[in-house]
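You will see two complexes here that share chain A, one where it goes with chain B and one where it goes with chain C.
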Partner chain A sequence: MSEAPTKKKIASFLARHLRTAELDGDEDIFAAGLVNSLFAMQIVLFVEKEFSVTVENDDLQLDNFRSVNAIAGFVARKQAALAAS
Partner chain B sequence: MKIELTDQQRENQQRFQAFVEREVMPRAEVYDESGVFPDDLALAMGRAGHLGALAPVEYGGLDLDMISFGLQNEAYGRGCASARSLLTVHNMVLASVLRWGSAAQKARWLPGLAAGQSLAAFALSEPESGSDANSLQTYAVLEGDHYSLHGSKKWITFGQLAGLFLVFAKLHGKTTAFLVERGSPGLAVEAISPMGGCRAAMLAELRLDGCRVPAANLLGRPGLGWTYVANAALDNGRYSVAWGCVGLAQGCLEASLAYVNRRRQFGALLREHQLIQAMVADMVAGVEAARLLCFKAGYLQEIGDPGAILATSLAKYFGAQNAARVSGAAVQIHGANGFSRVFPVHRHWRDAKVMEIIEGSTQIQQMIIGRASAAG
Partner chain C sequence: MECATFDLTGKRAQARSIKCVVWDLDDTLWQGILLEDRQVTLRPGIAGIVKALDERGILQSIASRNDARQALAQLRAFDLDEYFLFPQIHWNAKSSSVQAIAQALNLGLDSFAFIDDQPFERDEVASACPQVLCLDTAAIDTLLDWPDFTPRFVTEDSRRRRQMYLSNLARDQAEAAFAGPAAGFLATLGMVLTLEPAAEGDLRRAAELTLRTNQLNTTGDTYDYDELNALRRSPGHLLLIAGLDDKYGTYGRIGLALVERGAEVWTLKLLLMSCRVVSRGVGGLVLAHIMRRAKAAGARLRAEFVPNGRNRQMLITYRFAGFQEVGQVGDRTLLEHDLAAIPPDPPYVKLVAPETARDT
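Right, the complex of A and B next:
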């Protein structure tokens, strides 16, 4: 399945909440200082609700959430694991 | 759009209100005066399932939807803020174990918490770390198969009665959450009393002097205690407090309406005086507005919407200030009677001030709302 719609939803969510122009796919929102602790939690809620996946303790790694592409990749892996189970 | 309770939610609401009117309200003044929350009331709350509101049925909980959980907090808030604060902190910990706990942690603690056999307390604040909640001085060191916790925690609601504490400490400089059982070696619990409001909330200071905590009791992941565990718990606590504020204000409104319908001054019932009508109108509008903000937050919480965090902060921000305004008006309407212990409005007025401080002060809510609204 194409990741394009997923990336678009993620980019739109981040742009809306961070009030920035559309982000580049690999732009690191944590390194850019755009994410406070509350927004980090909001990203988790967004991913769970929008893509019907559960974010587990072991998933809470920066590499899964640091950019549009990272989040899309994380979602794809979770959905693939779900489909395989 | 439809703002209407389901049959199940209405049934839950009636059950909670009946319990609070029967078990809490008749004795709230007495235990508020003594500053000691009755053991048998906590047991009764547990037996009724009220301390397992958010736990799934498989753990013995009620598995309430978030609107019903809100209505539960409103019902308790209308009767007594101290009792409602037990719901708040207990559920903050229960929900944290549910969200971030391992299967073993859930199996070990959730049944007892859901049944109210063990009470839980949220231990974040410290003597030098209040609103600046992530500036903890308490720290943890891994020593073999356990952590040693060093430091102290202050203003821990129901800390005097809790069997389980969710303690936050720095591990390698990063905030980490630990489940600490009462009786752990190196843990001392000291009562803080008396307080000016929520006098029966059984506040305690915890002293952690090399407190020994099994490594398996770390909740979540090392270093993620603030970003995920504490923030999610505080969000849950704010939701509980926001609804509790609606209940507190509702209780003040009802007491005031009863009073203006029997008290006569200048040859007329108070209700016939226009300045009293103005105060009542402001109270009614405030209670309704606070309740609607809670309904919105509850809806977003229920569907897991990321906007729930901001909506909950707004509900708590407005609700706490409204509770202070409405309870102040209630005391004013009651005059000298309102300052006596014969009427509950004096207790509500003292408790309302606490609402503006706990689970993120009014100023912290302003920062959250302001930053989120003005970012970019």
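Right, the complex of A and C next:
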């Protein structure tokens, strides 16, 4: 499955909420000081709802959420695990 | 009628916590009918009641069928106009006025009381909004003694509540009008977060926060005044209270942190923030401040978390700040941070906290 549509959805979600131009895939939204804890929560909920995956406590690592590419990679891993089970 | 009407025998099912009182004007707040009588006079004692409710943090508004310009001028003449938020003075149904006020204040109708001398108006409101407590003017004289109008906590923040609603309204309008990025809007606010050891005068509000805050609360542990007073004085604890201000005014005392300070391990027993500041990104600042202090004291930093179904955002705050789960005791998750990398503070909030030299 191609990651392109996933990345596109994530990028436009982030851009809409941050009211910025679309981000580069690897741009660290946390390091840029763009994310407060409410928005962090919204990102987690978005990922769960949009991609039908469950974010477990162990998944709550910044490395899974810090950029468009990081989130897309996380979603792909979760979906692959789901498909394998 | 389905509404909780005033029962003169005093046998009402259950006291509720009224957060907003909506007043009629003619023959209720004042005696006489503005558009018919040459002169109206204030109901005796009413100014004191309006001011007392305001001090208790109960908001007030108006639902009157009247000429808006004249009615507002009369309220000004009585020196009471500032006490009423979003007054609804027009010829539409009063139920629509009460609903408009509830929406503007973002409060549930079940926390509203409506006072009117006309049975027709009370019935109309009660029929459309059965959750509203509808009262005749006969109730006014004893209103301040009713449990429904007696909040459990009256604090400095209660007295500021009306002003805080107004500042918030100005903020929301500014945010809606702001065209740039979200972080850019926050930068325009000029936020200042004050973080200091809780003083005795803060304890009532601190106790209230532990009881009322569910969503932005890491453990849900509640503490009463005496417990907090003991913790405040305890050398083995750190009890910090946070206040937030910006160019529109104050948000009041909006956060609390309790740290147990051992020689080797500091444990964050409680971190909570009021929902008032949910979109302001200040919880992370409090956390980073405590991380820096623990590191300076040469201690490890642990934190406890108890899920309540609504506080996942706080777990995310801990986890994204770099805390890792290290254990579980009952329903209590233990997390620990290695303090190697402490997240930087966002650029749009200025942190004011006293010196930390005493930690070591």
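The rule is short, and it goes like this: the second predicted complex is superposed on the first by the 85 of 85 C-alpha atoms of A that agree within 3 Å, B and C clash if a C-alpha of one lies under 4 Å from a C-alpha of the other, contacts with A are read in each partner's own complex, and residues count from 1 in each chain.
The criterion applied here is as follows: a residue touches a chain if its C-beta (ideal position, glycine included) is under 8 Å from a C-beta of that chain, and two chains touch if they have at least 3 such contacts.
For clarity, every value in this text was computed on a predicted model and none was experimentally measured.
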Practice item. Tell me which partner A:Ser37 touches in the superposition: chain B (first), chain C (second), both or neither. Key: both
Practice item. Examine A:Phe65 and indicate which partner it touches, taking first as chain B and second as chain C; both and neither are also allowed. Key: second
Exercise for review: Could you tell me if A:Leu18 is touching chain B, chain C, both of them or neither one (first, second, both, neither)?
Suggested key: both
Practice item. Identify the partner contact of A:Phe46: answer first if only chain B is touched, second if only chain C is, both if each is, neither if none is. Key: first
Point to revise | On chain A, the residue positions that both chain B and chain C contact, one per complex | key: 17-20, 36-38, 40-41, 44, 57-58, 60
Study note, to complete from the structure: Listed in rising order, chain B residues that touch chain A in their complex are 100, 102, 134, 220-221, 224, 226-228, 231-232, 235, 303-306, 308-309, 368, 371-372, 375-376
Exercise for review: Over in the complex, which chain C residues touch chain A? Could you list them?
Suggested key: 180-184, 278-281, 283-284, 312-317, 319-320, 322, 325, 333, 343-344, 346-348
Point to revise | Residues on chain A engaged by chain B in the complex (per definition of touch) | key: 13, 17-20, 36-38, 40-46, 48-49, 57-58, 60
Check your understanding: Contact residues on chain A for chain C in the complex?
Key -> 17-20, 30-31, 33-41, 44, 57-58, 60-62, 65
